[in-house]
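Note that chain A is present in both complexes that follow, paired respectively with chain B and with chain C.
Here is the complex of A and B:
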C-alpha cells in the first residue's frame, strides 16, 4: 500500500502536460515564434500606417516615431514620405535566438533568487515556470525582466514563501507593486494553471541518505537482492573513483567524505545546468537526479542503480542509457565545469556567450511587439475589459508612449551590471 | 528515496501516438480529450494576425472556458461563489464552477487560497477527492475552478439532519472513504490542513469526496517551519494548539478522527469557544501529557502558559469512550484512540489507519448505493447558506487561519 515515486510522477501535471519529445518541443516553439513574429509585423505595420496617416495631417513628433520598432535607426528612412513608410520588414528573432534569451532570463532568475535569498526550490520553480511560459510566449512579445520578477513572486506564493508584494517590489530599484502583479494572470494562464513543479532535489537527498546507510552497512536490500547489508558495505567501499579505475578500499569515514563531495557536486548541477537546460521537459525528476549524480561519481551511481534494478534486467541497461543521455544534456551547458575545464576556458566561454546574447538583445529592440511593452497599462486595460489590442486609440497610445519609453530604458538596465539596489549580500 | 526512483517512465506524455494531437492539444490542459486539434504548425487562426491580438495562452484559456456552460448559483462561501454548470458538449455532464472572489484585503494578486487549491487539486486524482476538471480565467481576471458536481450536501449537514437515520455500518463506510482520501493526500505528500465535516461533500452516487484545498500545502522539508495556525479549531490537534511549527500528516489524522467521532455522536466531538478552551476540552478527554508521555512537549512554544503549572489531568478510561461512542464498537474506539494519540509521533499514520481491523470486522461497511442520503441536495444547499449565519456553531470563526500569508 505504497505509491512509488513513479506512480506519483505519472499522475502529475508535469508528466501530463509538460513533457515533450524533442521534436514536439521544437514544433511548439516554432509555432510560438511564427505567431509572435506575425503579430509583431502586423502591429508594427499598423503603427507605421497610423504614423503615415498622421504625417499627412500633422507631423509626428520625434518621440512618437522612436516608438516604433525598426524606426530608431532610420531604418525605413521615411522622413516625410508616407508612401515609403513600412516598406522594410521587421527582422524578427529566430527560435534559436529566442531560446538564447530565455536561457538568459533563467540565469537572471538564478541571480534574482540568490539576491532575495529564497530557497533553491523557489528559484528552481521560478525558472521552470519561465521555461514553460516561454513555450507559449515569445520574448518578442513579453520581455524577460518584468516576467522573471513577477514569476518569482508567484513561485514564492506557490512554494509557501509568500512575501507581501510591497516588500517584494521594494527589494528592487524602481520597481512598483503594480509591475510585480500586472503580469500575474498572463503568466498563470500560460502555465495552464499547473503550479506544481516536481524537482529532483528531494530525490537527491534520499539517495544521499541511502548511500550513507550502504556505507554504514545498515542498508536493507530489496527483496530480489540476495546480498546482505554487510556485503553491500564491503562492495561499496571498494568502488573505484572513476569509471574503469582501479578498485580502492576506502575507510568508512573517507568514503563518507566522498559522499559529501558527490552530493555537493550533484546538488550544484541540479541547481544550475538542470535548470538552464530543457531536462525537465524530457526526463523525470529521478532520472535528472541520477544523471547529476552520475556526473559527480559514475561508479557509485551505477552501484546505487544496481540496488534498485537488477543489472541483468533490460530495464537496467535502458535506464543507464537514459541517464547517460540526460547527463550529456546537463554537461553540455555552459555552466557545467569539470576538472578538465580551465578557468580561462570558462571565462572565454562566458565572454563569448555574453557578446552573442547582447547582439540578440540589440536585435530584439527592433522587433518587440509594440502593443505589449507596458504590462501594467495592458493589465489595467484588460481589467477595464474594453480594450482589445490593436484597437488602442491614438490618445491612449500617446499616453502610453512615455511609459513604454521608460519600460525600454528599464529593460536596457536589466542587462547591465545591475541587480537591485542594496545589492550587498 | 522511495521504492524505485529509477523505474520512472521516460516521460513521453500520454497520447504521444496520436499524430494529430500535437503539442497544442497537450497544452489544452485537463479535459480536452474529445476535441481534435489541428497540427500546431498548420496555418490556423492562431498563426495569423487575425487572432485579435490574443496570445496562444489566451486562446487556450478561451477554448477551455468555452467547453463549459455556467448556470445558476449553487452557493457562496467566504472565498468563492459556486455556480452550477455543465459541459457544452454534454449537458448531462454536470460540473460546479467555483469562481474565486477577488479579495480586496489581499493586496498581493491571486489569493493564496486559490493558489493552493489549484496547485494541489491539479495533482490529486482519487475517487474520494474532488476532481478538478479545468481552470480558466474570465475577462475580469477571476479564476474559476471547474469541479466535479457534488449535489448531496456535506457530511456535517448529513449528521445534523435528523430526518436521516444511520448506523455503525454507514459510519464505517463514510469514514473509510474519508481515510482513503487522507491516505492518498499523504502518499502524495500533501497536507490538507482543514479536514472537517463541511469540507466533505457527497456525490450523486453517495461517494464521499474531500474538498476545499485552500489551506493545503506540500510536506515541508525537515527543519522548515510551517504555521501552526491552521485547521478549524474543533478539529485542531494539540500540537498545533501548543504552537508546533514542525508537523506532518498526523495533524490531518487528528481532524479525521474528530469527523468520525462526530458522525457517531451526531454532534461536535470537541467543541469550544476559544483556542485556549480548545486545549482544555481536549485534555478533559485525553489528560495532560507529561514529558514521559510525549517527549519534547515541554519545548513547544505554548507549553509553559498552558501546562507548566496546570493541575495534572488523567485520560478518560475506556468506559468513557464506550459510553460516548457506542456506534463505533470496541475496534472503532481503538482506532479512534490510535488516531488521537496526544503525542503526534505516536499517532497512527494514514496507512496504519487503513490497516486497522475495524474496517474488516463486523459490521461490514455499507455499500455506497445503500447509504442513507440527504434528499434534495440542492434545497439542502439553500439551508446551508442560511446556516452560514451561525458560523460559531460549526467552529468556523477561525477565518484568521486563512488570512495568514505564510505557508
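Here is the complex of A and C:
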C-alpha cells in the first residue's frame, strides 16, 4: 500500500471540503446571497411590525431604533402612521457586491497583519478563513471588521503564534477582549472545524532548494529521467532569461542570484495575489506555487516541471495548462499589475475603487441583518447562565448553583479540601 | 506393624475419652482393610481423628488450648505445630512417626482441609493430575474421543490414589509434563534440552552399539530436537500418554513487529529524497545545538517541504470535483450536518447544557 504526494493531499480537509469548480463556487455564493437576503428581509419586516405595535402603545425605544437598518434616513416612516412602516423594501447586496466586500475585508486583513506584525502564514491563514467563512455567510449577516479581527486571533492560534487575547485586543483602539472572542465559535462552526489550511509557502522553499541542487549538479533525477545530475546542471545553466529568449550561459553563482530573485518574486505573489483571489478554492498549493514561480521565471519553472513529469505524457501538458490558468488568475489581480502600471493610473484606479467600495458599504448599512448586529450579546446568550430577555431564570440559576456547590462538596469529601496557601490558615 | 502401632494409641484414647463410640472404631478398621498398602501412613492420623494429642510429643489440647495440627502431603502424618517448628526448622528431616522414613520439609506443612485425610490426599492427587490433563472437548475431534480421554485420566487418578503401578504412572506423567511444556513454550525447552541431547547421545552411543539402524533413529531424533520450532517430531516423541483423536495444538503465530502506519508507506512520485540539502538557509539551523540537541531532524523538514512542493501537482480540481459531484459522493457535510445548516444560514447551534 503506497501513498503518493497527491494521495496525501487528497486526504486533507482542504481538498475534501474546500475545493470547488468555478461554477460550483458561483452557485454557492448565489445560494448564500439569496438565503441571507431573505433572512434580512424577514427580520427587518418583523422588527418593523414590532415597532409599529410598540408605537401604538409607547414610542419606540432609542436603542431599538439604532439597531434597525433604514431608520437613520427612513425615519419618516417611523414618525408617520404605523401601517406605513414596512412599505419600503430592503435593498440587499448582490453577489458581485458581496464579493467586492469580501475582497476588501481580505485586503484589510492583509494590512491588519502588517499592522500587528504577525508572520505571513498567520495573515494568509486569516484570509483563507475569511474567504471560507464568507462562502457560507453573507457580509449582510456578519460584519467584516469584527469577524476579521476574531479570525486573525484564531489563525494566530492555529499557526502556533500564540498571544493572549487581552494583549491581542490591546493592539486595537476601542476593542474589548469580548469582542475578539465573541464570534470565535461562530467562525469555527462556519469553517466546519477544518482549521488546516495548506499554504504554498513551504512548498516554494522546497522547490527552491531542489532547484539549488540542480544548479549545483547534485540533483538526483527521477527513475524515468535518464540524464545525470551534471547534464541537468549544464542544461539549467543554459536556460534563457525570458520565454523564447536566446540561450544564455550563466555561471553557477550568477544563476544562484537568479534563483534568489525568482524566489522573492514568487513568494511576494503568494503572499498577495494568491491570497486576494479565489486560487485556493480552484488549485492545489503545489499548482499555486508553480504558477507564482512561472510568473517569476517561466523557462526555469517549465524546466523544473519537465524533470518531474515526462514532457511527452499528456499529464505534462495538462499540468502546464492548469498552472498557466492559475498564473493568469494570479496576474489578473491588480496587486500583480501594480508594478507595471503608471502612478497616475494607479491612483485613479484606487480612487475609483475606493469610491465604489464606500458606496457598497453605505448600501450595506441599509441591509444589515438586525438579529446579528451585536455578536457579544449573541455569544452571551449562548452561554450557560445566559441572561435571557433581561432576567435570569431564577429557579434554573438556583438549581445550577446548588448543583455546583454539591459537586464541590463531594469532591472535597473525597479528596479533602484545598490546602491552605503559603501558611494562610 | 501397623496394627501394633495403632493398638496402643487406640487403647490410650479409649482410656482418656472414657470410651469412643463403637461405630467410629469399626469404621476405622474398615478403612484400614480397604487400603492395606498404605495403611501404615494413614494410621496415626486416622487412629485419632478426633484426638487432641500430638502423636509426636504427646502433648494434649487440654494443656495447650491453641494447639494446631499440620500435615505434610508427602506422608499425611499429623503432628502439632510446635513439633513441626522443633523438628523441621533446621531443614529437611525424616518424618518422626515410627516406620515412616520420608523426608519432609517445613514449607510443605499445612493445616488439613478435610477431616478425612484420605479425602485430602485424593483431592491433592486429582488437583495435580487435572493440572496436567487440561484438555477441553474442543481439543478433540469427536465426543467419543473426549470421553475416552476422560476415562483414561480417571484411570490415572485411581492408579495414583490406590497405589497401582505408581512408579510407571509417575514416569509417564513426567514425560507428559515435559512434552506439554515443550508444546507450550518450544523456545524454553530447547534451551534446556540442547546440552542434554549431546549427553544423551553420548551415553546412548555406548548402549545402542548393537544396531546401526537404532542409532540412526536416535541421531535423527536428536537432530530434529534442534530444529527451531521443535514441533516436527511430535509423532516419534514419547509423550507418556497417547490420546486418540486429539487435535494437534497449533502454536500461536509469532507477533509481527509493530507498524504504526498499518502497512502504508509514502512513495513520492515527483521527487527523490536526497537526505541532505545544502542551502544557506539551513546552515545556521544545522549547526545550532538548540535544534539538534532536542532531536530535531532536518530531514523531516526537507521531506516535508518537498512533499508540499509537489503534493497535489497532479490533482486537477476541476476534473476531480466534477467527477465527485456526478458520483453524488459529497462528504462535505456528512459528519457536520447541523453545522452545515448553520453555515447555510439557519440558527446557530446551541451547545448542550452540561449542568
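A few notes on this one:
Note that the second predicted complex is superposed on the first by the 365 of 425 C-alpha atoms of A that agree within 3 Å, B and C clash if a C-alpha of one lies under 4 Å from a C-alpha of the other, contacts with A are read in each partner's own complex, and residues count from 1 in each chain.
Heads up, the rule we're going with is that a contact is a pair of C-beta atoms (placed from the backbone, for glycine too) under 8 Å apart; a residue touches a chain by one contact, two chains touch by 3 or more.
Keep in mind it's a predicted model, so treat the numbers as computed, not measured.
Overlaying the two complexes via chain A brings chain B and chain C into a clash.
Once the two complexes are overlaid on the shared chain, A:257 sits clear of chain B and of chain C alike. Of the two partner chains placed around the shared chain by superposition, neither chain B nor chain C is touched by A:351.
In the overlay built on the shared chain, the residue A:213 is in contact with chain C alone; chain B does not reach it.
In the superposed model, A:195 lies in contact with chain B only, and not with chain C. In the superposed model, A:20 makes contact with both chain B and chain C. Touch criterion met: A:177 reaches chain B, while chain C stays clear of it. By the touch criterion defined above, A:136 reaches both chain B and chain C. With the shared chain A as the reference for superposition, chain B clashes with chain C in the stretch 255-263, and the other listed options (39-47, 75-83 or 255-263) are free of clashes. According to the touch criterion, the shared surface of chain A, contacted by chain B in one complex and chain C in the other, consists of residues 1-6, 8-10, 15-17, 19-21, 24, 31-32, 35, 39, 136-137, 141, 185-186, 189-190, 192-193, 202-203, 206-207, 209-210, 282-287, 289-290, 308-309, 315, 319, 322, 382. Put simply, chain A touches chain B in their complex at residues 1-6, 8-13, 15-17, 19-21, 24-25, 27-28, 30-32, 34-35, 38-39, 41-43, 135-137, 141, 153-154, 157-162, 164-166, 177, 181, 184-186, 188-190, 192-196, 202-203, 206-207, 209-210, 282-287, 289-290, 305, 308-309, 315, 319, 322-323, 371, 382-383, 385, 388-390. The residues of chain C lying in touch with chain A in their complex are 263-272, 274, 277-279, 281, 302, 304-318, 320-322, 325, 331-333, 336, 339-340, 342-345, 348-351, 353-355. For chain B in complex with chain A, the touching residues are 1-14, 16, 22-24, 26-27, 29, 40-41, 46-49, 51-58, 60-61, 107-110, 112, 115, 118-120, 122-123, 125, 135-137, 139-141, 143, 183, 187-189, 217-218, 220-221, 226, 351, 354-355, 405-407.
Chain A makes touch with chain C in their complex at residues 1-6, 8-10, 15-17, 19-22, 24, 31-32, 35-36, 39, 136-138, 141, 185-186, 189-190, 192-193, 198, 200, 202-210, 212-213, 216, 218-223, 282-287, 289-290, 308-309, 315, 318-319, 322, 378, 382, 384, 400, 403-404.
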